[in-house]
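Below you'll find a set of structures to go through.
Across the two complexes that follow, chain A remains constant while its partner is chain B and subsequently chain C.
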Partner chain A sequence: MELTPLLAGLVWGLALSVARQWAEQKAAGRADRSELFPDRDVVIAFIVLGTTANVYSALLIASGAPQVYARPSALVALALVTASQLLIFLMALRPSRLDLDLALAASAPYVYLAALWIAAQALGAYTLWLF
Partner chain B sequence: MDPVLALMAGSIAALIPLLAVMYKGSDLDYARAAGLISSFAAGFVFGVLAQLWAQFYARFTYLLALGLMSASLGYSWWGIYRRWWVAYLFAAAGWIYLIVLIAAARALGLPDPFLI
Partner chain C sequence: MDKRQIKRFLVSFFPFLVFLISVASPSGDYVFRSVQPASLQPSPPPYVAFRNGTFYLYSSPFGTWRYPGLISVSVNGPLIYINSDCPFGLPTYLRGPGGYELDVFVPPGYQGTCRAELLYGSWSAEYVFKVREVDWYPGVDVRAAVVLNGSGWQFLQLAPDGALYAWGVEIGQLPFSGCVVERGGVLAITQQMPYTELAPGVLVNGSPMWVPYPQSGTSLASFLLDLRGNGTFYLYPAPCLKVEAPPAPAVDPIAEASANDIGLMGAPTPAAYVLARPKLAVAYRIEGPVATVVAANGSSIADRIYIYGFGLPVDMHMLLYYIYFTPTAYLTSDLVLFGSKPPAGRLGPFWAFPGNGTTYYYLGPMEPYLRNAPLPFGAPRGWAGPFIVVADGTGRWGGLPQVVSVAVERLGPWS
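Here is the complex of A and B:
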């Protein structure tokens, strides 16, 4: 574990969830926010934890530069993490009823990383970047 | 000592109560904004002090400073929660203690502010 990328991700995630509160207030106006966005508590937790995980894993993957950029599996992981962070931006700045579906799609890089990890365990490989 | 780490500690200390206040939908008035600034400063100084652990963990004044800064952070959050500005006076106790330590170290010509 490295402290600096972890704290950087946490700060960024907290800032995004504050932005989400502001966007919710703007979208709801005088209406009841918890009725309009019934899963806002889960969405906040997802924005904070997901952003922390995304920033941390992006910095972790990129810390293998420049050799890691020769591995397509690492490039796919970086692309998936970036796409996941874009989805979290969308969740933070445009609250909607599709929040939980976006959160599910934003978990894709971790499914991919788990599959890579299981394959690496099965193959007895020393690196996660198999291809 | 890494100032970026201390800045991030201060940001976390200020963003958590801001998020809680905005989640509950309460309004941000001057008492709460002052508390946010106060908790950012307390978190920043706490982050600076925490990184000096390996050098000073055996000094009583250093441990007292760590405890007082965490009490300052607690009072700042309590002041935000209750909108009670007197809490910030209690939070200032940690500041006053640190300033007195630094002034004493300057006056005595010591290399660091943690005397004993």
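Here is the complex of A and C:
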């Protein structure tokens, strides 16, 4: 584990979770936020952890430059990570009832990386970027 | 459990997958890179075959055979492990990123097959080393097989241009020079003897006067061989081995010159016929396991004499001397070159002077020295030499050896 990208991601995730609190407060006014957004505990945790994972994986993939940009599987991973982070921004700034589904969609890069990793272990490859 | 609970669980779990990959991969974060952990470039020397990841190496009975830079490794990752059952002195890991030239040291006499594996996580590359012992000095791929014919101990010297000298006389030309001599599976002790020109630019009988002088640029590799008829030795163009051996016994060139009347000069004067012995003093000495050189020089009434005594550890020694005739007022002068008695016989070009247990063989220059007026007038002038005296206490010495044949042998890949 690399400590620097981990901490960088964590700082971003915490900042976004604060932004989410602020956005929820603005949307709910004087109403009860946990009634308005029933999955807000999981979603706030996902904003922190998901941002950490996104920043971490993006920095690690970019550290393999420039050879890694020749691998389509790595480019797909980068694209998925970027899309996932945009969804997390959306969740943080525009709280809605669809938060849980958005979070599930934002988990796509992690599932993709896990699938690549299992395949790499099965093939005995040293790298995730199989194609 | 309803769908929402499953979603809540998955959303909490999925981000950890990235960290799980990072922690659980055998190569850590390196799984996110796409460049190979190490790129390998085998660069075998011409006498080593390399096919299908297998090196066909040689080992030598004479010493460790070093293959410098046999495998070039460019480490791209943070670390490469080397897992090997070879006794080749390979490192156990290489830190990256960086380039390495792996040297392989094959121990003397090693034979067999072994392998080395370079590892990083699930990536690995394997090399197989098959080693065969060969009767060859390690690290060189060429040698000269020289057949000499002679008898008794021979003091041989090899100049940097490949000229082969025996007892100070050039007897042949080898294709290259070197300092490692093997004979019958045994390495001879060799000694680099520094040489310089006694008078730079002056030629005597067409050749410069090379004499031992400490801290000179030119070195002659000197060694001793005991010949009985034909004998083969192998010369390898390799640097000298360090020899821890006691120095050869020194000879006293002053005592030898006095006992054999070397440089005894006679000149007529109006009063009488003057006989003058040169006054010699030791100038310097060069010690070594093969030969200890004691240089002495001095002057007489009409000449300067430069004499070099080569003491050898085999009950033989050599004297080599040059004489410079200084301008003189004496109308004629005579020089005793060696001994005052007539020689007892000849051995090749040498005059033999049997002594008390030691036979002296004298070889003067084949041309008379210059005079400042035609005979019988005038006095000798200029340089004369080299005069060579071989003192044989063994009774077996049979004159200068002859080079019978010189063949260059090359080491090729064995597979």
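The rule is short, and it goes like this: the second predicted complex is superposed on the first by the 131 of 131 C-alpha atoms of A that agree within 3 Å, B and C clash if a C-alpha of one lies under 4 Å from a C-alpha of the other, contacts with A are read in each partner's own complex, and residues count from 1 in each chain.
Quick note on the criterion: a contact is a pair of C-beta atoms (placed from the backbone, for glycine too) under 8 Å apart; a residue touches a chain by one contact, two chains touch by 3 or more.
Just so we're clear, the structure is a prediction, and the values are computed from it rather than from any experiment.
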| item | value |
| --- | --- |
| Fit-or-clash call for chain B and chain C when the two complexes are aligned on chain A | fit |
| From chain A, separation angle of chain B and chain C (C-alpha centres, steps of 10 degrees) | 80 |
| Touching partner for A:Leu98 - first (chain B), second (chain C), both, neither | neither |
| Touching partner for A:Tyr56 - first (chain B), second (chain C), both, neither | second |
| Contacts of A:Ser17 with chain B and chain C, given as first, second, both or neither | first |
| Touch count on chain A, higher of chain B and chain C | C |
| Partner chain(s) touched by A:Gln67 [first = chain B, second = chain C, both, neither] | second |
| First, second, both or neither for A:Gln25, with chain B first and chain C second | first |
| Per-pair minimum CA distance [chain C against chain B, superposed on A] in Å | 18 |
| Residues of chain A at both interfaces, chain B in one complex, chain C in the other | none |
| Chain C - residues contacting chain A, complex | 4, 7-8, 10-12, 14-23, 25, 27-37, 120-123 |
| Sites on chain A touched by chain B in the complex | 3-4, 7-8, 10-11, 14-15, 17-18, 21-22, 25, 33, 40-41, 44 |
| Touching residues (chain side chain B, partner chain A) in the complex | 2, 4-5, 8-9, 11-12, 15-16, 18-19, 22-23, 25 |
| Contact set on chain A toward chain C in their complex | 1-2, 39, 42-43, 45-46, 49-50, 52-53, 56-57, 60-61, 63-64, 67-68, 70-71, 74, 100-101, 103-104, 107, 110-111, 113-114, 117, 120-121, 124-129 |
